[in-house]
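What follows is chain A paired twice: with chain B in the first complex and chain C in the second.
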Partner chain A sequence: MAKCTINGKEVEVKDGTTIIQAMSGEKQDWQHGKVAHYCWHPGLSVAGVCRLCMVEIEGNPRVQIACNTVVTEGMKINNTSEKVKDAAKWGLDFHLINHPLDCPICDQAGECGLQDQYMEFGKYTPEMSEKKVKKHKVVDLGPTVVLDSERCILCSRCVRFTEEVSKTNELGIFNRGDHSEIGTHAGMELNNKYSLNTVDICPVGALTSKDFRFKQRVWYLKDAETVCNGCSTGCNVKVYFNKEGMFRVKPVFNKDVNSYWMCDDGRDIYKFVNKESRLLKAKKKTTGGNWEEMFPGAAAKELSSTVKAAGDGLALVVTGQYTNEEYEALFTNLKTKKVFHWVNSPEKHNDFDGLLIRGDKNPNTKGLQAVMQKHGITPGNWADLVAGLQSGNIKTLIVAAPEIAAVYPDIKHRVSEFEKAHNLVWLSSTKSVEVDLLTGNIWQIPMKSFVEKDGTFVNHGGLAQKFKKATTVVSEALNLGEAALLMSGAQIMVKPETSPFVETARPADRVTLENRKKNEFVFKRGTL
Partner chain B sequence: MSIVQNKKELSNWYLPGILGGLFITGKHLITNLLNPKKMPTLNYPEEKFEYSPRFKGNHVLTVKKDGSLRCTACMLCATNCPAECITIKASEHDDPTVEKFPISYEIDILRCVFCGFCEEACPVDAIRMGPEWQTPGVNGSEFHYGIDRLAYRPALKGGIQSVLDDEERHKAGI
Partner chain C sequence: METKLLSEFYHIDEYRGLAGYKAKGGYDVLAKALKMAPQAIIDEVKASGLRGRGGAGFSTGTKWSFLPKNNEPRYLLCNADEGEPGTFKDRMMMERAPHQLIEGMIISAFAIGSKKSYIYVRGEYFYAIGVLRKALEEAYAAGLLGKNILGSGFDHDMDVYSGAGAYICGEETGMISSLEGLKGQPKLKPPFPAVQGYLRKPTIVNNVETLAAVIPIIRDGAAAYKKFGTEKSTGTKFFSLSGNVNKPGNYEVPLGYSLKDMIFKLGGGLKPGRKLKAVIPGGSSAPVLTAEEAERATLDYECMAQMGTMLGSGAIIVIDDANCMVDCLGNLTHFYHHESCGQCTPCREGTGWLDKIVHSILSGKGRLADIDLLVKVADNMKGRTICALSDAAALPVLSFVQKFRPEFEYFVREGRSQVTGKTKEAVHGEMHH
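Now for the complex of A and B:
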């Protein structure tokens, strides 16, 4: 341990800690004073290229960079002096010499390091009279990322990311001096499973995500923290949404789970939450009939008699995509011995790519197993389910279907097996073409997606992670617990939550002049 | 509210008041007949009052030299709009020098308060407040002005050119 003084405060840090680490603290809350920086990232190695994190150390005649200076015993560090501010200001001036200042069309505007630090440390009028160096704009780096070299400040975070974290080495810095540019090595493209992290760590708008590009300005977005339901790693993420829908997902630091990163597949989970892919109303179909829409609560209530009539012939199929609390409610309310665990591609379950992505694409397999054990349920053999459905032993089948059906490649096959049930109840948050095509007595009840409910996911390592509701998308959707309670015959009131999401495309006014003339509220002179 | 009552003796006589009124009307009639140029009123549909050039009327989206929209869909007008009447949908342009452009730009003119903040916020002189103000419509959809109406309505004769030119800017090294 080494003792040092930062801005007049005594701080004790571990040996080998750099000044910037000591100042930012483990939680990145900059308790001991904020340091301007671009190239330093806590999850990457030290490069020391941006020359912005200058601090004054007593006994040193000149300011030094905080990211590459190790704290020594009795060091006196100060970053509030005029000298340090001047250094940051001039550092920023040099960064902005060739910067195009196209903030209006830059996606990063609003969360840009250059904007933030200009407002905090800069605030000067530029003194360059030379012409700006022109570089490549809108460079297609790969399937996910677009590069704008003019905006780049060459902090090399993205290059270090591909070298150290994803270990794919696609990116590099080419040419010299003010002609230096980020680019991919010859014959390569930035195409790895973690490529979008480079967009997150880019402090300026040089790297932008193709998926999010120009969709929204960031200041229109609200964010909420939750847990990714893309696989059993359970990365901590932030979802960004506004009243027009969800737009992107970004990782949140958690040193036990995902560090600072997340995978590209996980960034697509918002697509299964938006209204376009959701089941909005409950649907009911009787043999030979057509789909009939109804309220989810009413549908579940109506099912209670069917469930009661089924008695022993009731079976549950569960998937690992719901929360622990929901499983608890499901197993306590619908008591049956016939519980089947629908596992997608079990042969891949122990796959792990060494960083984050796991083969088990369910966020809560461990949690489901634990809850089943607690209730003394041993999941039945799948062959028994098929046989039971064939022979008619299983009359009513309730399927807690996956939220992200895309990771269930066997869905078509399984659904055709379920079709043989006398009554099939399909609980799912997303629309399903396969179920829509089935014949027989079928109910589809919309469920809440993971951003619309509080709950707990247990990840592959047994770590239980609680998360809170972020927003409401489908206001009438039920969660698994509510649905189970209603189906068991309980008289409860489920209030539809108000959804802040509005239709994005405004329909044209359908009231034509003809109709307006017919309107009974035509103003008649002399009357009211 | 205070009520003023005229309790003078004279107010009981209505004829002086009427005659006084008639005298004023007659005076104006005769002066207007003798000197129609000084008449304070206008024959409205035929004659129209010309407002000052700073008048804030219906919006105009300016165009570039080639006639395409100047707007870069930066959404600063929509952000600045106190009535929240501007809806923009941005998209990627084929031309990399343009990059971002609006595929739809809609102003809900019935919500607009004509404050001119959009004009002030615009970094590229893409939106201006024009001189028009007589813009009736027969139903609600006619008050959602789209790009066709804002930039290319017949009155603008092919669009008003923006003062800001990207090519000139690049040549100047900005």
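Now for the complex of A and C:
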């Protein structure tokens, strides 16, 4: 341990800690004063090239970089002096002289390191009046990322990421001096399962995600932390959304789970939450073969008699895509010995790519197993289910279907098996073409997606992670527990969720895609 | 008069070959050194006061003693990436006396316990590379390299490595990166090369002239070596004299030699009718001296430091009164703009900015505020980067503007040079695009 003084405050840190680590703290809350920085990233090696994190150390005439200076016993560190402020100001100016300053058309605007640091440490009048260096724009780096070299500040974070984290080594800095540019090595493209992390760590608008760019201005987005439901790793993520839906997913630091990163597949989970892919209303197949739309609560209530009539002929099929709390309510309210665990590609379940991606594409397989064990349920053989459906022993089948059906390649085959049930209840957050085509007595009831409910997922390692509801997309959707309760015949009232986006008095002022297209009108009213 | 401690036999062509070199007592000192204790050699070098001849002037013996005292493999690298504008002494040494360098390196390697060394030669010196390769072959054939050198039990291997012509690879960690097969960019310090250098192993990097100077020190002893030079700048040094002098070339003189004598006696003075205007005393990175300062300067580390400049690599660039100082500075800023590796922001952006400002003045479009801006930009590039290239780019700007400000102001005010009466189109600034 070493004791040092940072901005007059005594701090004790572990041996080998750098000044910037001591100042940022493990939680990145910068308790001891904020240090401007671009190239330093807690999850990457130290590059020491942006030269912005200057601090003054007592006894040293020159300002030093905080990222590569190790704290020693008795060190007195200061980053509030005029000398440091001037160094940061000039450091920023050097970053900006050749920067195109195209914030109005830049996707990073609003969450840009250059904008943030300028407001915090800059606010000077620029003196650069020479021609700026021209570099390549709209460089297609690969399937996911686009590069604008003029915006790039050459902090090398993305290069270090592909060297140290993804270990794919696609990126490099080419050329020399102020004509240096990021690029991919000859014959390569930035194409790996973690490529979009480079966009997250890019402090400026140089690297942008093809999926997200130009979709939304970031100041029109709210965010909320949750747990990724893309696989059994359970990465901590932040989802970004507004009234128009979800737009992107970014990782949140958790040293026990995903560090600072997440995979590119996980970035797509928001697509299964948005209305386009959702089951919006309950549907019942009428005798005429048409789908009749119903309120989800009413449908579930109506089903209670069917469930009761089934008696021993009731069977449940569950998938590892729901929360512990929902499983608990399901098994408490719908009591049957006939429970079947629908497992997708079981042969891949132990696959692991060494970083984050796991073969078990269910976020809560462990949780499901634990709840079943608690209720004394041993899941039945799939063959028994098929035989039961064939013989008519199983009359009513309730399926808690996967939220992300894409990771269930066997869905078509399984659904054709389920079709044999006398009554089939399909609980799902997303719509399913396969189910829509079935014939027989079928109900489809919309479920809440993972961002619309509170709950717990247990990841591959047995770590239970609680998460909170982020927003509401389909306001009438039920969670699995509510559906089970209603189907069991309980007399409860399920209120539709209200949207977190408060309706403004004047509909024209609402931030919608429609009225942003007509932004002329909105700006004239001066309300945005 | 020159004092030819190292260059005594450089005029003999046969001196390049092993036989010719041996005929003049070559490799005798190696035989002597191999019988000494390695620590005794280090102590002798330390006592001699030898300072690095590459530019920084750091005590060689002290540098060697930074190596960790363990059995880890360690490397000796000879820095022959002579890139400092105005410097051409290493080239002559390698071309005229390759065995002198090899002998000095084997002695040094023996002292620090290194079994492998490389000579990193700047890519443009292909002739020197050829000479060195041939000399290495001869040395191997004669048992001066390889296993059990001269029966001493000491093994050592040596190789020549050709750089690709980047100025930045003359910076020792840039050179190490390049030797490792990486992009030639300086490494963050700490760790310093003596602790973690080439292949993350302890490494000593010395200049060609420094390694050669070990020979007379071991041959005659530290006391004899110290007889040359001044108290803090011992021994002799090569100076590469260039610019507006009648007899440019390399001259070996004891440190403390008068700069005026160097120019007017050894260098044969200026062209008829010309007056001395300025002197860059230690390679292009060294702050410029005015004629008045140059006339009282002596060529040693102390005097140069006292005058606010550096002895550097010993490249003396003489500028007479037919030269426009703004134009001269434009030449320098162009060089640093072109050679900045681009790693650290202040240097990457600052070198380009300086170059553009100077060239805007040179094209007759400068503003008076540009002169102060040059100073501000240069000031904020100093001491803010991983290596010294940023300082090297800033120092000439600061000294030129400070010492020749009226010339800059005239250029801005009149839109043409005070000396030549002409402007210069900004071709350099747009070079890369």
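Methods note: the second predicted complex is superposed on the first by the 496 of 528 C-alpha atoms of A that agree within 3 Å, B and C clash if a C-alpha of one lies under 4 Å from a C-alpha of the other, contacts with A are read in each partner's own complex, and residues count from 1 in each chain.
Convention: contacts are C-beta pairs under 8 Å (C-beta built on N, C-alpha and C of every residue); 3 or more make two chains touch, one makes a residue touch a chain.
These figures come from a predicted structure and were not determined experimentally.
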{"item": "Which superposed partner A:V49 touches (first chain B, second chain C, both, neither)", "value": "second"}
{"item": "Which superposed partner A:I97 touches (first chain B, second chain C, both, neither)", "value": "second"}
{"item": "Partner chain(s) touched by A:Y124 [first = chain B, second = chain C, both, neither]", "value": "neither"}
{"item": "Touched partner set for A:K137, first chain B, second chain C, both or neither", "value": "first"}
{"item": "Comparison of chain B and chain C by chain A residues contacted", "value": "C"}
{"item": "Chain B versus chain C as contact partner of A:R217, first or second or both or neither", "value": "first"}
{"item": "Footprint overlap on chain A, comparing chain B with chain C", "value": "130-131, 134"}
{"item": "Contact set on chain A toward chain C in their complex", "value": "46-52, 54, 62-63, 68, 86-87, 90-91, 93-95, 97-98, 127-131, 133-134, 153-154, 172-173, 175-180"}
{"item": "Of chain B, residues touching chain A in the complex", "value": "72-76, 79, 87, 90-92, 96-97, 99-100, 106, 123-124, 138-142, 144, 170, 172-174"}
{"item": "Chain B contact footprint on chain A (complex, rising order)", "value": "102-105, 109, 130-132, 134, 137-138, 213-215, 217, 219-220, 506, 508-509, 511-513, 516"}
{"item": "Residues of chain C defined as touching chain A within the complex", "value": "166, 183, 188, 190, 337-346, 348-353, 356-357, 360, 367, 369, 373, 376, 380, 383-386, 429-430, 432-433"}
